Structures are given as structure tokens and as C-alpha cells.
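Working notes, beginning with the structure itself.
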Amino acid sequence: METFFQQMINGLSLGSIYALIALGYTMVYGIIKLINFAHGDIYMVGAFIGYTMIHSFGMGFFPALLTAMALSALLGVLIERIAYKPLRHATRIAVLITAIGVSYLLQNGMLYFYGAEVRSFPQVVDNTLFEVAGLQVSRIQLLIFATALVLMVLLQFIVQKTKMGKAMRAVSTDSSAAQLMGINVDNVISFTFFLGSALAGAAGVLVGLYYNTIDPMMGVAPGLKAFVAAVLGGIGFIPGAVLGGFTIGIVETLVSAYGNSMIRDAVVYGILILILIIRPAGILGKHVKEKV
Amino acid sequence: MKLINKTTIGWLVVAIAGFLLLQLAVTTGIISAYYEITLVTILINIILAVGLNLIIGFSGQFSLGHAGFMAIGAYTAGIITKYFPTYTGLFLGILAGVILTSIVALIVGIPTLRLKGDYLAIATLGVAEIIRIVIVNMQSVTNGAAGLSGIPYLSKWPLIYVFTVLTILLVANYTQSSPGRATIAIREDEIAAESMGVNTTKYKTIAFILGAATAAIGGALHASYFSVIRPGDFTFNKSVDVLIIVVFGGIGSITGSVVAAILLGFLNVFLQPFGALRMIIYALALIGIMIFKPSGLLGNKEFTVSGLLRLFNRKSAQGEG
Amino acid sequence: MSLLEVKKLTKNFGGLSAISNVHLELKENELVGLIGPNGAGKTTLFNLLTGVYQPTEGTIEIETNGQKESVIGKKTYTITDMGFGRTFQNIRLFINLTVLDHVLIAMHSKSKIGTLKSVLRLPSYYASEAKMKKEAVELLKLFSLENKQEELAKNLPYGEQRRLEIVRALATKPKVLFLDEPAAGMNPQETADLTDLIRQIQKDFKITILLIEHDMSLVMNVCERIYVLEYGRMIAHGTPEEIKGNKQVIKAYLGGE
């Protein structure tokens, strides 16, 4: 029983990471109906920025985190403006292919400039273990929970209580109507990418700290799994991404612990297919029918 | 009964001429052993691209799982030819691969082809990954992550050439027929097509299965030529490689896929020494094409013998008139 | 025997009742109109009849081979096969395909040309193709579109696009044709031509037509009976004369006491 709860703690750490990444997917999908294939790679870039800040510039953890978040956010906006905006009215397939192109660009760009070898993330946080109710929690795990929680609360505040947040919700619902109401849709979309990419960047730094290694391909699998999480929770729906993220994190950890670590990925993809077939709107989402 | 008409003869001539030219190049050594690999890679890519184009370009279903089907074909043929290292064995292997892949495509297709655009893409991606993970986990049969080696080298390039021509013929015959038109109608407007009596589920599934079957053939030939296959050969990267060819050539153009596979095959040879920079160039090109010319090289038009004939007739008519 | 019988048809979308307790009947070789203010539920009714939506309550039965068969739960393409063709309010043509292709595609399900025969290009395939093409061109001739066979649908002028939409539906060899606002966006001359065309279709093809239209001149001129829908309910049903004088109908369109 102890192992189960111990695994739950590990699952919650992983879940926090997935939730942070999933939030970016879900916000972007909610606003422009695009699956941003490149999102997982922004998470990877965030990790590398954090690594560079700590390793080459000697920054502490929090400054590095904030820098990574800021630069990732800017990268997200840049990508949106250059690659996605021109295709606002193109077919869905065209935008998806472009997103794949951007993803490849980021991966191979990083491969080219940094090389393929796995790098070791500097241990800037003293990873002491705490004992709580017979279970072990590491300082880093607490840091991940805390950071993720703070960021999610911040996001919720921005979306619910600020004018920009209201604009985001309006554009998500009906972008033409929002435009007629005087909302600058372009800025709202860019801001959405800004927020989502910042969260992904944060997740990247946290993961670097937690697992200790980073490499240019690290965004591929977590990116896909975070997307599964977003769909599971209900794509386009912020609480859904959080719910989905934690669910997938826990499921993956438990399968890994009690089953076979090799089939762990297959289980997550299996969940994706099941959800898409049985309830594509996700746990918390709503289904919208096409008007004929 | 126009079984043999000018167009058919024209295409036959092109196919045979192509073969003779290649044979000449190989015999005279223009195509050395090194370049033969490029030739075979191009031929197999044509098979893969034409099949994927059938799914994406003609039936309008965005499938990102092509590598998964290729893997099934490769491993099936690889395993069977290891036990039966003869040509019969190879054909049996290809047939078994096609049948197995078709069954998987049917099972996967029926529930997932209901999904729209992006969701279908992700679902097929997930399926391909699951297939790959299953292959890695069937240690005893597939030798797991280490891959299968020692596959007898049976598919020499002329055999691959024949399969390439047959695949193009199969897909072209299908798309330019009544069921093919019905399939294209689904791509144009699924709801209107359904209202005109087209059984959309059936035709989407047929296109999906046909495409998957061609991927299996490509995979089988790949295994039999290169003699070594690893699960890592059939990742999402492979699916994207084929997608790049389809996009460059024009989504919905068979000849476009052929031309793109050839051009990109040559480009790859030149860019080989550039390593990761090569992929950066492709990624930029992919983004550029989508923004500036999303229809690709040929759009959804075909470079056809009948088209050439029509052009020729028009010119000579003008000359006489 | 009626070709189509609709009883107590209701469709709710969440809390909204789009169609409520609707009765409708179509007999052979009739021209019937369906009118009502915008948002009354006319297209929703079409969608229910063609299997695009499933009803919340009620029955829809059509006559096939002397038997009554329910349409509910059947797929749209099956319903089309059973003899119901339709056009769309906002034209849904296959814009990158040729005029001829539109007709050939609509004829496909009745042609029974199989995948295997097509791929192998057996002689029977060529015979079927030739026959289908001939029939298609004949149909296009009736609507003065045969010169535009090879033209892409997106390059046709609006009036011809609307005509192609109708021809395509006719190519499915329906017993009942649902026309959804065929005169939308047409000037008086075009509408007059369309009126003649619709009469001609009914005469030559001997089919039943159910017509949604806003253009009253067209409806009153051409329909033998008219149904009037308002807020999802059938508020009147009768001949054009009866409907013209019906106080409820006038109120629905013009408001007031």
C-alpha cells in the first residue's frame, strides 16, 4: 500500500508537468482550433534555455525559470506570427503540416546547434528528501507541485479576472463576433500562445531539474502525451487540461511501476484512441455539431 | 471495349522505357552500387508516397500512421523470408504482410475514420506508435529493439521497379474510376457526398486499407533489400518523410508524388553530408510550401500521357488549321 | 399511398425545440411548398428527413416497394438510395471537380460498379463507365449544361451552380426531391427561369418535389399545396389561395395584432 501512495506522489509530479504542457495545447486549440505539434518542442527549448542560463550564466533556479518562461513565450509568439498567422484561413491539413514543419525545425535546429548528446541538467536545487506520513517526497517534487500550482492559479486569474482573459474567452467562443465587438483577435491569439508557451517553458526547466537530463528529442513523447491529457480532460477547456494532465501522469506512473515500462507509452496512446472513439469531447468537454 | 487504347499504350511505353534506361545505367556503371541504394530508396518512397496520397489526397483523411503499416509489412516479410529464403517465400511474405496490414487497417479504420481532420491525424499517430511498441515487445518473434537482421536479399531493384509500377497502376486505376470519384467527392464535401448516396464510411475505409496495403508492400520490399530492419526505422519521422514527399508533389496528384520522390531522392544525396542541417532545410521548405504554395508542385493535377497527347493534338490541329 | 408520411415529429436541441409535433405528407407526383419565417426550422426539417439529424420523437416513414419503411436511424446515403434527393441552402458543390463528375458521382451508388472490377479494369468496367457517361451527358443536356461538362464547378456562374446542384440531386434518381431555397440570390428573371425549370422537372421526371423557398412568387406560382412552419410548429397547410388569406400565416411573417 505504501508503494501505491509513493507512486501516487511520483504520478502527481509527472502529472504537474503534463498539466502545464497540456494547458498550452488546450488554450491554443480552444482559440484557433489548431493542434500545435510544435508545442512539445517549445517545452524542450525551455529546458535548454534553463540549462544554458544556469550552466553558462550561473543563474539561480528562479531567475533561470523566469528567463526560460519569458524566452519560450516569445518563441511561441514568433512561431505564431510567422508560421500560423498566414494560414489562418487555410485548410486544417495545411496548418497541421506547417505545425509539423515547425516542430521539425525546432528539433533539428537544436540538434544542429547543441548536438544530439544528452546533457546533464545542473543540480541547482538541493534535493533533500522529506518524510511525510511514511512517504518520501523530494524537495524538487515539492518545487514542481508548488510552481505548477502557482502558475495554474495565475493562469486561472488571468483568464477569469482580467480584460485580456475575457477577450480570450470571447475569441474562443466566436472569433468573428469578438472581432465585431472591437477585440483585436490577432493580439488575443498571440497572447494565448505567449501564455501557453511560457507554461511549457516552465515545465521544461522543472523536468530538467527532476530527471536531470535534457536532449533535443525530449519534447516528442511528453508533447504527445500532454496532448492526450488535454483531449482526455476536454480539449479547449482549461480545467480539462489540468484534470487530464494529472490523470495521465498518475496512470503512466502506476503502469510503469506495476506493469511494464515499455507498454506504458502504449497505454497512454491507447487511452487517446479510446477517448477519441468513445467520447471525443473528453471528460469535461462539450460536443459541437456541424451546421448543415 | 477499349482495353487497349492510346493512353494505356503510352503508359506502357513509359514504364518499359524507364526500366530499360535504368537497366542501361546500371549495366554501364552510371548507377554504381552506392547509387543503387538511392534508386531503390526512391522506388520504395514512390510506393509509400502514392499510397499515402490515396489516403490524404484522394479521400481527404489525414493519416499520420503510415510508418506503422510499413513496419507490419517489413517485419512480416522479413520473418517469413528468414524461414523461406526463396522468391516464393518473398511473395508469401509480401502477401501475408498485405493481409495482416489490411486487417489492422480495417480494425483501426472503422472507429477512427469517423474523426475529423486533426483528431484523425493524432489517432493514426497513436496507432502507429502502438504498433511499433508492440513490435518491440514481441521479443521472441521480432528480436525487439535490436531489430531483425539477416533477412535474405531477395528483392533486387528490377523486382522493386515492377512493384512500383504496379502500385502506381493500382492507385491510378482506383482514383480514376467510379468508386474513386465517389472517394474524391468525400474529400470535397463529405456531407454533400453522403447526400448523393455515397457510403462515406465504406469508401474512406477502402482508401485507408488500400493505402495501408501499399505501405506494407513498401515495407516488405525495404526489408528484403536492406536485410536489416529496426523498430526505430518506422517512427513518426518516417511517416513525416513520406508526408513531405506527398506535400511537395501535390496532395492529390499521383504523378506529383512520383516526381517529388525522385527529386527529393536526388536532393537527399546532395544534402547527405550536411547532417541535421538537411532536416532544417526540409522543415523550412515544408513551412514555406504550406504558406506560399500549399498545393505543392503539381497541385491536384496529373502529368499524364493523355494530357501530353491532347497537347500534341491541339498543337498539330493548330498547325493544320 | 403516400410516398412520405411524417407524424408527431419533434427535434430538441438541449432546451430548444427546433421542430415540434410536425405532421407532413407527400403523395406521388406533387409539388409541395414549405415556407415560414427565418429560423422556423425548415432546413432542420429537411435534415431530419434526410437522416442528417435524428428526431427526438415522432415517425418518418417512406414507401418502398409497396411497403412502409421507417427512415429513423438510417444513414443519409441509405435514405438517398431509398429515393430521396436533396439540394442545400448554401450550395455544397464539389468545387474542384467537373460538372460531369458531379453527375457521375451522384449516379455511382445506383451503378453498383465494384472496387475490384474498377481496379482490375475488367471489360464490364468499361461498359459501365460508357453507359454512365452517356446517361450523364443526356441529363446535362436537359439542363443546358452539357457544353460545360469539363468545367470545374468553382468556375461556373452562380445561376449555373444552383442548376448543377439540382441536376446532381436528380442524378440520384429520387422519388422525392427536397429543394432548399433554390432561388436564393437570384434576380426576377432567373427566378422565373427556375420556376419553369421546376415545373419541367416535375413533368418530365414524374417525381414529387418539396420546396423550401422565401420567394413567394415562386412558391405561390408553382406549388399545389403549401405547409407553413413557425418556431418549429406547423401553423397552416393548404392550397396557395388558402395560405394567402390565412391570418396566422400573415401574422407570422408580418407580426402585429
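Think of it as A, B and C in the order they're written, each chain with its own count starting at 1.
Here is the rule we go by: a residue touches a chain if its C-beta (ideal position, glycine included) is under 8 Å from a C-beta of that chain, and two chains touch if they have at least 3 such contacts.
Computed from a prediction, not measured in an experiment: that's the story for all the values here.
Q: Using CA atom means as chain centres, which chain is nearest the centre of all the protein shown?
A: B
Q: Quick check for the class: compute each chain's Cα centroid; which one is farthest from the centroid of chain A?
A: Most distant chain from chain A: C.
Q: Distance from the CA centroid of chain A to that of chain C, rounded to the nearest Å?
A: 48
Q: Could you work out how far the Cα centre of chain B sits from that of chain C, in whole Å?
A: Chain centroid spacing, chain B to chain C, equals 40 Å.
Q: How many angstrom between the C-alpha centroids of chain B and chain A?
A: 34
Q: At which residue positions does chain B touch at least two other chains?
A: Residues 191 of chain B touch two or more partner chains.
Q: Residues of chain C touching 2+ other chains?
A: Residues 52, 88 of chain C each touch two or more of the other chains.
Q: Which parts of chain A, given as residue numbers and ranges, touch two or more other chains?
A: Within chain A, residues 292 contact more than one other chain.
Q: Could you pull out which chain A residues touch chain B in their complex?
A: My answer: residues 33-35, 83, 86-87, 90-98, 100-102, 104-105, 107-109, 111-112, 220, 224, 227-228, 231, 260, 262-263, 265-266, 269-270, 272-273, 276-277, 280, 290, 292.
Q: If we count contacts the way the header does, which residues on chain C are in touch with chain B in the complex?
A: 50, 52, 75-77, 80-81, 85-86, 88, 92-97, 101, 104-106, 108-111, 113-115, 118-121, 123, 125-129, 132, 168-169, 171-172
Q: For the complex, which residues does chain B have touching chain A?
A: Interface residues on chain B, with respect to chain A: 56, 62, 111-112, 114-119, 121-123, 125-127, 129-130, 133-134, 136-137, 191, 236, 240, 243, 247, 251, 275-277, 279-280, 282-284, 286-287, 290-291, 294.
Q: Taking the complex as given, what residues does chain B use to touch chain C?
A: Residues 1-3, 170, 173-174, 177-182, 184-185, 188-189, 191-200, 206, 300 of chain B touch chain C in their complex.
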